[in-house]
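Shared chain: chain A. Partners: chain B in the first complex, chain C in the second.
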Partner chain A sequence: MLEVKNLRKEYGPLVAVEGVSFNLQPGDIFGFIGSNGAGKTTTIRMLSTLLEPTSGTASLNNADIRKDPMDVRRMIGYMPDFFGLYDDVKVWEYLDFFAAIYQVPTKQRADVIDNVLELTDLTVKKQSFVQSLSRGMQQRLCLARCLVHDPAMLLLDEPASGLDPRARAELKELIAELGRMGKIVIVSSHILPELADFCNTVGIIEKGQLLAFGPVNKIVEGMQPNRVLSAKLISNHAEAARVLTDLPNVLSVEVAGDGELRMDFNGDHEQQSELLTLLVNRGFKVIGFREEHADLEDVFLKLTTGAVQ
Partner chain B sequence: MNKLMWQELVTKNPMLIEIARFRRRFLSFSGSNALNGVVLGLAVVCYIGIVMLVFSARGSLPPIMLVIAQTFVFVFATPSILYGAIAGEREKRTWDLLLAAPITQDQIVVGKFIGAMAAIGVGFGLFLFPILVSAFEYQTTNWHDLMLAEIVSATFVTSIATVTLFFSARTKRGFMALGTVLATLAIFLLIVPLLAVAVLQDSILVSLTNFFHPFFVLTHLATTSVSGSGEYIGGMHDFSWGWPQIFAYVISSAIFLVWTARTLHFAENDVKFLPANKDA
Partner chain C sequence: MKAATWTQETFATYFNNATAQRDFRVQLRGGRSVLLFALYLGILILVGMFVYADTAGLEQVSVVEAQDRLSGFYSVVMWILGSTVVLVAPALTATTVVMERQRKSLDLVFSAPVLPKYFLVGKMIASYRYTWMLLVLALPVTATCVVLGGSSWSDVLVAYVLLSMHALMLTSAALLMSTLAPKPVSAIIWSYAIAIVYLIVTSITGMGLSFMSGGGREMPFTTALSPFTVTSAADTFTRILSMEVPNWILVTLFALAVSKLFILAAGAILAPFGSSKDVASLRVHALLYLMAVALYFGYAGASTVTTTATSAGSVDSGSNLGRMLFMVIGPLFIILPLLTCYGMDGESRFWPNGIAKVKKTLNGTPAGALPFLWLIVLGAATALYAGEQLGGGGAISPAYLSYVVFALGFWSFFWSLGRMTSAFLLGLRSARTLQFASFLVIAILPVPFLSSIQSSQSNWRANEWVWDYYILRPLWVDVDRSFQALLYGAVLLIGSWGIAILAENVCKRKWLP
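Up next is the complex of A and B:
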């Protein structure tokens, strides 16, 4: 279990991370969302013991990042937002090197390397030089490196940046698999759709502050308590808007630029159906009617100021 | 050093992968850098030239002169091999991976050092062949002094290796480390001795400067070392030349090695020559 308590990092007068707190359980895949410079990487570097927090702390399975950094390092796999590969070693040597660093017993290393190569689909590249791998393969090799010691937690900083769509899809599947294996996975990104797909928990950080934390659907629901319905008519938009405004479950109506009516609605599905029936019965020519679902991107845009670029 | 520490730092140090990396980079034509292959090719040609020179000299070449040549070569070769040992990790951004792993600073430094010394050791081994040929053919070889000269050369090169490692640990860019080391060597080997002679002239400081100057020591050994009892005034009888310098080079190597290990407490983006904060 990961417990983060009031983590704070200052660089002189600049507060990079301000009082970040959250807890994660084994199997959680946590998407850490924020603009560039929001504090994601600083937080991850503190959790990886690379940076010492100015105040606050975090503990992984009761090992404190400040008091027991070596114990924490043994339990984490850290993948920074760059490859960090040696260009004059072979794939298996690279993994063997890190397996040795993580004190994997010598007799087990060959099997461990074979297993992580299989998991990351790099078995055929075992004897290749690292620099000869494609970008996607290098990214997978970095992930393989993180796995050689079977860590309890993975810290993946922008793992999909620069990857092509296929490599991204493969990486997403791999991360989901790691979550199913019971590992805590922290993934930072500012590409929201890729996180929403496989994270069961997200945190939104802006200017060093954690603005929201929790399951994706709960955060979305929290940000949008009412449903948003959209109706597309051929004509008479203004009149339809007046009619809809008078209905008890419709909180507000606006006519969008494309002639679509968007309304905040707090009724249930039956009342939603009645609303459509009413529009049709009143003679409005409805050519489209749907419920708009807010996504992580909408929540992120609502929560953040966008001041940090 | 107890057995556990010996295992941690030497026999079971994962950083010994550096030996394979140095071998691939500097002693292999199939390495990742074509330039290294060209340099290695030139080195092979030069080596063959030296061996041919020794054979053609037919006993007229004092073996300690070859030790001097060897030292000269490694004054440049050692920083060239080691300048990127740690600064290069920062440039390639592999440094964070090491700092976030359960490996000690001592293991990193000792591993890098052993890797570099293995590569340098191969070079010394290759030089040993012409030196031995010359020694056997040279009629008045004093084996004690030859061994002493070889140890002076090896310990001085070791101290250069540790100084290079130190600067590599304290700079962000490899070439900055290389420039700093070469400048330091130029000051120690060239500028200070010349200034001492020009400004101070026959003072005790000049003697002191020469006393720790490896080329002065080696030249002294070469000129005074004669086999037999007649006019011999070499290292075997005069302990002020050879052993004190060896001792000084070993001590300086140990100091720089420990100092290097004690400076590796800052993360990749927080490099400062005199770090105020002690992150990571």
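Up next is the complex of A and C:
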């Protein structure tokens, strides 16, 4: 279990991370969302014990990042937003080096290397030089490196950046598989649809402050307590808007540029159906009627627009 | 349990180091190293053939001349090996860490349970092992010298030990430069600069001390510190407490201590998290080594720091010891900017955390700079005095205490200038450079300037007062200047405190919210 308590990092007058707190359980895949410079990488570097927090702390399975950094390092696999690969070594040598520094017993190393290569689908490249791998393969090799010591937690900083769609899909599947294996996975990214696909928990950070944390659907619901309905008419938009505004469950109505009516609605499905019937009965020519679902991107934009002064 | 863990970690660091294994594998990969080895062996064989041709007609010359020629052959081979060490050790090591930083692989290594020591020792072993391979490859040629009678096996063995120790020192110095430098080119340049300075200093002092000791076997161990004097220094010794200690043993101890200090310094720079432990270890070691040097100087110089007569009266032995204190801690000016300045530069960020806090003495933050400086001055002063007492010196003199105050004032003053430059400039490098420049301007540059003013007058002795404006004036040995030392020390202390407070105010306005 990961417990992050009031993690704070200051660089002189600049507060890079301000009191970030959250908890994660084994199997959680946590999407860490934020714009560039929001504090994602700083937080991840603190969790990976590469950066000392100014105050606050975090503990992974009761090992404190400040007091027992070596114990924490044994339990984490850190993949930064750059590869940092050694060009002049073969794939198996690269993994063997990291297995050695993670103190994997010599006798087990060959099997461990074979296993992680299989998991990351790189077995055929075992004897290849690292520089001969494609970008996607290098990314998978980095992930394989993080797995040689079977860590309890993976810290992946922008793992999908620069990858082609196919490599991204493969990486997503791999991360989901790691979550199913019971590992805590923290993935930072600013490509939100990607995170929403496979993360069961997300956190939104802006200017060093964690603005939201929790399961994706709860955060979205929390940000949008009322449903948004949209109706497309052929004509008489203004008249329809006036009619809708008078209805008890309609909180507000706006006419979009393309003539679509968007309304905040706090009724249930029965009342939604009655609303459509009313429009049709009043003679409005309805050609489309649907409920709009907010996504992570909407929530992120809503939260981060002027949220932190 | 702790002993078992320590043994396991030490074994892993020195005998089963993954960094060393990987680097060595890469070094020997491909045809490059084979070509280099072949070239190196070719040169050695050529030299061997030339000398063999020279010695082929030895039956026609006298025994003395034949012996000279054979010894000359041995010296040439050792000179080549010395050059190899000087050229190869920095070249192999200088890029090792800086390349990792450029490749951004350091984060990957230090997010694993790896201490900087493990990583650095691994880097050092890989480079050092390669240099050793070159020395071992030369063994057949060296053996020819023994077979022909140019030297003995014991000479060769001692010479190899000395060469390996020089290689170790140059490797560790290059490793430190590699850790400090932002680019591989600057790491190489600085590593060779250090090697050249080391060679010049050790060769000059070696030759000088060898000449002063009349060419006998008893010589200070510093004569054996040059890679080009291994043949002549191999059988020399230093007398310590009436025991003849072979100089190669002292050189070995010296090399190990210096290498450890360099590795600790590199470790303190690299340590990504909880670095205060590494910095504390470095500072404690540096202090202890400095105290050992001061003890040695106090002991060795006990006979020379007695009261000396001058044209203007006599100079107290305490004053002489005080001047020696300045000599011992003089090299501090090189590391002073690293100790005192703060600011940001790339990944290095040292933020102001107060003027002076005793609790921070060993942890490397700006607030610990002054207490550590004082600790160095007082530690060296105590050890120097203890050394003098061991060598048979007299009771403590008030003059010595005056010089201790002067030393405190002198270094505090430059510390305060470091704080001032840091307060005005945001960049750490700029602050450090400016502080170093201020030292040169205040302590070094006035010497030629004031000399020219003084000598411009026909009666140059009458113009000697110009030196009273020089910060190091109390170090002059013409008369007893202990009171002047006390006065200068007090003024510098007060001045440094004023500058530090001013710098703190500037800092608060500029840096803090």
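Side notes on the structure shown:
The rule we apply is simple: the second predicted complex is superposed on the first by the 305 of 309 C-alpha atoms of A that agree within 3 Å, B and C clash if a C-alpha of one lies under 4 Å from a C-alpha of the other, contacts with A are read in each partner's own complex, and residues count from 1 in each chain.
The definition used in the following text is that a contact is a pair of C-beta atoms (placed from the backbone, for glycine too) under 8 Å apart; a residue touches a chain by one contact, two chains touch by 3 or more.
Predicted model only: the values in this text are computed from it and were never measured.
After superposition on chain A, the partners chain B and chain C collide with one another.
Looking at the shared chain after the overlay, A:Pro13 reaches chain C, while chain B stays out of its contact range. Using the contact criterion defined above for the overlaid structures, shared-chain residue A:Leu247 touches neither chain B nor chain C, since it reaches no partner.
In the superposed model, A:Gln131 makes contact with chain B only, not with chain C.
Judged by the touch definition given at the top, the superposed model places A:Leu119 against neither chain B nor chain C. After overlaying the two complexes on the shared chain, residue contacts for A:Arg73 are found with chain B and with chain C alike. Put simply, chain A uses residues 45, 48-52, 70, 73-74, 76, 78, 80, 82-86, 88-89, 93, 97-98, 100-103, 145 to touch chain B in one complex and chain C in the other. Those residues of chain A that touch chain C in the complex are listed here as 10-13, 45, 48-52, 66, 69-70, 73-74, 76, 78, 80, 82-86, 88-89, 93, 97-98, 100-103, 145.
On chain C, the positions that touch chain A within their shared complex are 12, 18-19, 21-22, 25-26, 29, 103-114, 118, 272-275, 344, 349, 351-352, 511-513.
Within the complex, the chain A residues that touch chain B are 45, 48-52, 70, 73-74, 76, 78, 80, 82-89, 93, 96-98, 100-103, 129, 131, 145. By the touch criterion given at the top, residues 12, 14, 17, 20-21, 24-25, 31-33, 92-94, 96-103, 267, 278-280 of chain B touch chain A in their complex.
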